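Note that chain A is present in both complexes that follow, paired respectively with chain B and with chain C.
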Partner chain A sequence: MLTYLLRRLLLIVPTLLGVSIVTFAIIASSPGGLGGALLGPNAQLRPEERKAIMAYYNERYGLNRPPPVQYLKWLNRVSPIGFKAIDTGFPGSLKFGLKWCDLGESWQRHRPVADLIGEALPITLLLECSSLPLIYFFALTTGIAAARARGKFVDVGLGTVLIALYSMPEIWIGVLMIGFLTNREYFHWFPTNGLHDITSDAMLFLPSFSPVGFQRGWLLDTAWHLVLPVVCLGYSSVAYLSRLTRGSMLETLNQDFIRTARAKGNSENVVTYRHALRNSLLPLITVTASTLPAILAGAVVIETIFGLPGMGLLFTDSALQTDRELLMALTLIFALILMISFLIADIAYAIADPRVSYVD
Partner chain B sequence: MQNRFGFKDLVFLALFLVFIFVVFLEMKQIDRQWQILSELKDQSSTQTQLLASISRSIDTLSTSGIAPTTQSSNSGGVTLKNDPFFTPLKEAEAMPDFARGDYLVDNFQTKLGGILTPYINQDLYSYWVQAKIFDILITQDPNTLEYIPELARSFQASPDGLTFTFQLRHGVRFSDGVPLTADDVVFTYNFVQNPKINAPRTRSYLSKFKSVEKTAEDEVVFRMSEPYFNTLNVMTNLPIIPKHFYSKFGEEEINQNPGLVMGTGPYRMPDPKGWRPGQKVVLVRNQLYWGEPPAFDKLIYNEVEEEAAQETMFRNGELDIYRCTVPQFDRLSKDASVTSRATGYAIDSFLNGFYFIGWNEKRNGKDTIFADKRLRKALSLVTDRAGLCAQIYLNHAKPISGPLWIGSPQADPAIKPLPYDVEGGKKILADLGWIDRDNSGVLKNSQGTPLRFRLSYATGSEFVQRVVLFLKDNFAKAGVIMEPDPQPWSVINQLMEHRDFEAITLGWGGGDVESDLYQEYDSSQIADAGDNFISYSNPEFDKTVRQARQTMDRDARMKLWQQADRILFEDQPYTFLYSRQEVRFIDKRIHNVKRTMAELNVVDLWPNPIPWYVPKGMQKYTQP
Partner chain C sequence: MSIEYASAANAFDAGETGAPPASDPAPTTTRSLGRQAVVDTFSRFGARVGMAWLLILALCAVFGPFISSSHPIAMKVGGQWSSPMLRHVTPADVLVLIAALMAVVLAVGRWTSFIAGLSLIVAAVIVLAAPVYWLVQPPRNIDYSLYRTLASQGKLQAVVYTINRYSPSDRNSADHLNPPGAKHWFGTDNDGADVFSNILHASRVALSVGFVATGISVALGIVIGGLMGYFVGVFDLVSMRFIEIIESLPRLVLLVTISALIPPSSRTIYVSMAIIGITGYTTYARFVRAEFLSLRNRDFVQAAVAAGFTESRIIFRHLLPNGLTPVLVTTTFGVGAAIIYEATLSFLGLGQVDQPSWGSLLQEARAGGTGFIWWIAMFPGIAIFLTVFSYNLIGEAARDALDPKLRKRD
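Moving on to the complex of A and B:
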């Protein structure tokens, strides 16, 4: 097992190298060149500025060197083992050894990539962490209910509704929700945008009653702002996972040990929740493991509609603006997380299922 | 029995996780309160320091025998008599329902580019914020477009245009209470000229500056290496930054810290070094502001990109200013629920720039068909610009005759935009040998080559896409084949740099009251990837423009510019298409919104005081 683990871990290094070379090559060969992209997407041209800016960035980011040289320089900066300049004087000397990873500075935003990720990640995590438990709660309850009432009205009804939900694009639902549920002319139940109210800085943390009236407080205000994004983010996953649960529940419920459990005189609830549910969770766990990277990648549509600057927006912006440093860093991080979560899933299989073993 | 992980454990675990999460949020909240507390502490300590310094100066005054009650306003005090800078605000204050208080809520229509630090910042919206936090030596009067002193008390330009002397106002303080001196102005200049500072944009404006010197505690002299007519305009792009604050940071720190903002303006960031992208931009009143304080307590900038969300927020009253697209503007102008509580403004302004088709006259060292000015004129004639403005911009754009804004003193008033004249255009084309020889509806020359060209344009704007299709239709009516060639912005840029295109449609941004026609049309700008990317060259034009740029006398210069304008009209290096209006709605609770020469009486990019206000009864954010 240990050898297997070590081999898998070591394999990550060349894979990452491959990923970075491919990404770098694609970016380097992007039409128009990198310097042009640096001028920004909404470049309202002002003649005298254009040239000065281009020249400055070509110099600053070394864009006038050949791409392989640029790549090696980038690799050296990112990798934890490499050359480090220990003396800034001329000619300067280099030292080979362990050093800090430096993800570089975003070209469009002129800020360290690590800072940018540090700002976007909490928002994405807040959104995903508040939606995931709800998604699983609703998926499991509806899935189990449908499986137990197989072919009856509940099952067919749930199936119809869930498939309808699954088919509706979230961009459309999001815009409809904003148009109707946040609009003073229809139902002004929820806030339109952002994570906090304008006045949230002056709020208490918990809800409170004061002579002026009920005050919702900071916690409730944030939760209130999260309702629409979470609903919009979750409904299609609920539909998908619910169907998945129903399928695997049905499969388990038809097996011999369930009949035995029933024959022992166990109540139907005990049979469903203690015996069947546990066994039908396996496919769900597999799906969850593979969604981990997707969670970190964020949800660009939701983030745009509801104005939450998370990882999804960061990633798409970096791609659209050909922001090489940011794009390379994000791709590398996503690739790393993906490989680690695959590894964890493989190990989990071995633990869960005695038939799987990695001993050579 | 085996101890297994059961349902109860799951519930317990879930509750436990929720508990930890809530504790985490509580910690965040306490952190926030701690921040507010430390801000208050900072504020009170600056105020104590200020008090101490004031009492010290009172002491010195009384020991030197001067009564501290003496008015000092006529000896260069903070408020000058008839100070044109504060006139609009003073007029507002004289109105019967004028009141201070309430917030002004605006929206950046996209996420802020991420940097507010002056000179390092890049995108348009950060300049809006900058204009509220920082002051400049001189600015422009929105009503007259004249230069008026702001941080300067007065200024003189030498007749040869080589030296500019500014006397600073007394009593101006940065938002931390430290007084402004000539050292800060010199520091600002050196800051921008430091090549390690990531400020290539502003640095490019300063190419003709030689030095800045402090000649007295309150006087600075800017020296130029050659005279340039627009020097004062360059000055309006130089917000003065405090030496004691920015010199604490290293160059790389300044380049990378997005929120280093401290100035002398009427508003300030609550924390002059703590702002990070993603946080909403909320500017609070600078209690130590040296001048007349404007009405609003806070300026709040949302960052909502989604059109539906913007509109809903505006309908809900969550936005005071709504900058919309032209179709939205037209639709909402007919909606009684909107017009009852907001006023729509469609604004022509020199700030809006113009759009054009550029005809490439030289490609791979050889003249193209567009090198002939008669052909360019014919193509301009067959372009239906009035129809374009009406159909695509719903009359919120105007046809133009040249690169100068409509009504500019630089433009020759006798010139009117070319008419839409298909027959006239076809006649010129026929004279040039482009005739419909086989009744196919396509013009061909004697060799049978059809008149065809490719029009490159940047993707991303729905409007530009429609404009290009409209033009294609126009040209087709005259028998000219135009092939649309959409390209991403970076490719367009490369095409321009390599002069590797046939025709291109683009917009130049506006912003200057008096434009410099040198960069785009002077033949010296063809080489070295300059901005004359169409390789237009006319020695007479070059001579006129070069002379105009060095002429410091306004009237003489205007005559030269008008001549240059006539040459451009005659030569049609571009087919000048149209200049757009800026459309927006402003909530009716905001009073005293007026039209000025510049734009409205609040120009987002200018640091002039905001003369808008909300009467007491209509204020909604200030607690009673």
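Moving on to the complex of A and C:
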């Protein structure tokens, strides 16, 4: 198990390298060129000025070098092992060894990429971590209900509703939610966008009753802002996982040990939750690994719709502005999050199922 | 008693696992597994509902310009009849019509197999493209207000309009933000363009993106996955690592990165199709590879090798037909996913700009500076939803039809 873990952890490194090469190649082969994106708001210039500024930028960011050289320079800066300039009195002295990772500075925002990600990552993780338990809760309850009522109205109805839910595009539901539920013309039940109210800095952390009346406090305010994004992020995964739970439960309920459990005189609830459910969870663990990319991709769309300043919004912005440093760092982190969650799913699988062992 | 019976049935079935499906109690005709699966799929209610909607959509895609156009079918001005609609038919409309006509004729006549018919239609469209584009040249500058002026001046002596009287690009600022009603069925947008007409004309984009993108994915997946599964070794190893690299990024992230780097002026529908198609091949490649790996050691393949058949013959005649059926189900879901990806890209402002699409209409509902206009958001969304829902219903039915564990229930 330990060797397996180590091997998997080590395999992350070449895969990340591969991801960075692929992304870098895509960005480098951009037909528009990167220089234009760098000009940004100063784009309305006279041709010769424009040319001069472009030449300056190309020189400054090394864009006039061949792409492989650019990539190697970028890699050397980002990787924790590499060449670094040292102060020996001779210009250009390099030393090979451990050093700090430097993700560079955003081309558009002129701030260190690490800072930008440090601000955005907690928001995305908050979104993911608050939706995952809810997704599993609703998926399990509906899936079990459908499996127990197999072939009856509840099962068929739930099945149809869930396929329908699965087919609804997040962009549509998001737009409708914002349009109807945060709009003063219809139902102003939820805040329009962002993660906090403007006044949230002055709020207490917990809800409280004061002479002025009920104060919702920082925690409740954040939760209130998160309701719509979480629902929008989660519903299609609920549908997918629920169908899977149903299938897995049905398979288990057909097995001999369930009949034995019933014959012992156990109540139907005990049979369902103690015997069947525990044995049906295995496929759900593996599928977590494929749910996470869906949720991460969902975050890209949902943060854009709901204006949450997380990784997704940062990513779409950086892609639209061709901000190479930011884009490279974000794709690497997305890949890292996914690979680590795949690994966790594999480990959880081995722990949950004693028949699975990764020793070979 | 019933429990005993069930266990007996289970034992019977368990003894039968692994046997080919030909051992069904009543094999009515000798059909291939693929054909059987298709027949099984469309005997289910959900799949039929899905198919019905897709047929409606296909009709909209083919006859869109004849159902909803600002150009009258026929009008009489100054004692002379003319047909502005036929005058403004685009080469693409003609090609789509030809393809649809061929499809109907081939389907009714049953002269060719599905694959052969499809190739025939594609070939015909490619061959006819050049002459059609040369022959059919609609006017470049279209002035829709002409018909309104003619009508208001009373110069139209007789006129026959299409069912819905608006073209998608007919922006009449006098009519902007009209709610749904008898005149504009789904209302109008900020510029005064008819929403129904936009949705109707965009169905062509949605359908073609779904088919072409998935077609590219499947073709790439079959070729690469097949080679991986058949030749194993270094090629398999390298390709598998590459697939892992591609799959360690969420597909939407990859799509956004690629399409954001393409300058907006060259982002056409074909580019969207290609990007969505190429990024989606990994699933199919994995599927086909796994199938090939399990098939290549089976007796019938060994027999084919022993008989001295060429490798291409073994791959295309022996392995592929047997390994392809499971890909069918994934393909159906894949078409729905491709449509959602296209809509999402358009929604994020990264889709094609030359034609209206359902996603860009949704984007308009969100970004239009006039606040939330419910009819612009509702109807394109319903169109996307129903289409994806149809594909998913068919996919579910296909999965049930192909799953032997579920089959014994019926």
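Here are some notes:
FYI, the second predicted complex is superposed on the first by the 288 of 360 C-alpha atoms of A that agree within 3 Å, B and C clash if a C-alpha of one lies under 4 Å from a C-alpha of the other, contacts with A are read in each partner's own complex, and residues count from 1 in each chain.
Criterion: a contact is a pair of C-beta atoms (placed from the backbone, for glycine too) under 8 Å apart; a residue touches a chain by one contact, two chains touch by 3 or more.
Predicted, not measured: the structure shown is a model, and the values here were computed from it.
Legend: residue contacts after superposition of the two complexes on their common chain; A:V69 is shown touching neither chain B nor chain C.
By the touch criterion defined above, A:V22 lies against chain C but remains apart from chain B after alignment on the C-alpha atoms of chain A. Contact with chain B, but none with chain C, is seen for A:P112 once the two complexes are overlaid on the shared chain.
Within the superposed three-chain model, A:A164 lies in touch with chain C and out of touch with chain B [touch as defined at top]. In the superposition on chain A, the chain among chain B and chain C reaching more residues of chain A is B.
Of the two partner chains, chain B is the only one that A:H188 touches; chain C does not reach it. Residue contacts after overlaying the shared chain place A:I285 against neither chain B nor chain C. In the overlay built on the shared chain, the residue A:L9 is in contact with neither chain B nor chain C. Looking at the shared chain after the overlay, A:W172 reaches chain C, while chain B stays out of its contact range. In the superposition on chain A, contact of A:A319 is made with chain C only, not with chain B. Residues 30-32, 175, 178-179, 183, 185, 304-305, 322 of chain A touch chain B in one complex and chain C in the other.
On the chain A side of its complex with chain B, the touching residues are 30-37, 39-53, 55-57, 60, 105, 108-112, 115-116, 119-120, 123, 129, 133, 175, 178-179, 182-185, 188, 192-194, 196, 198-199, 201, 205, 218-219, 222, 273-274, 304-307, 309, 313, 317, 322. By the touch criterion stated above, chain A contacts chain C in their complex at residues 14-15, 18-19, 22-23, 26-27, 29-32, 160, 163-164, 166-173, 175-176, 178-180, 183, 185, 251, 254, 256, 259, 293-294, 296-297, 300-301, 304-305, 315-316, 319-320, 322, 327, 331, 334-335, 338-339.
Touching chain A in their complex are the following residues of chain B: 6-7, 14, 21-22, 25-26, 29, 32, 36, 103, 105, 110-111, 113-115, 120, 122-124, 198, 200-201, 203-205, 255-256, 258, 276-278, 280, 300, 302-306, 308-309, 312-313, 315-318, 337, 353, 460, 487-494, 497, 506-509, 511, 519-520, 529-531, 621. Residues of chain C that touch chain A in their complex: 3, 7, 10, 46, 241-242, 244-253, 256-258, 260-263, 266, 336, 340, 343-344, 347-350, 359, 362, 365-366, 371-372, 374, 377-378, 380-381, 384-385, 388-389, 391-393, 396, 405.
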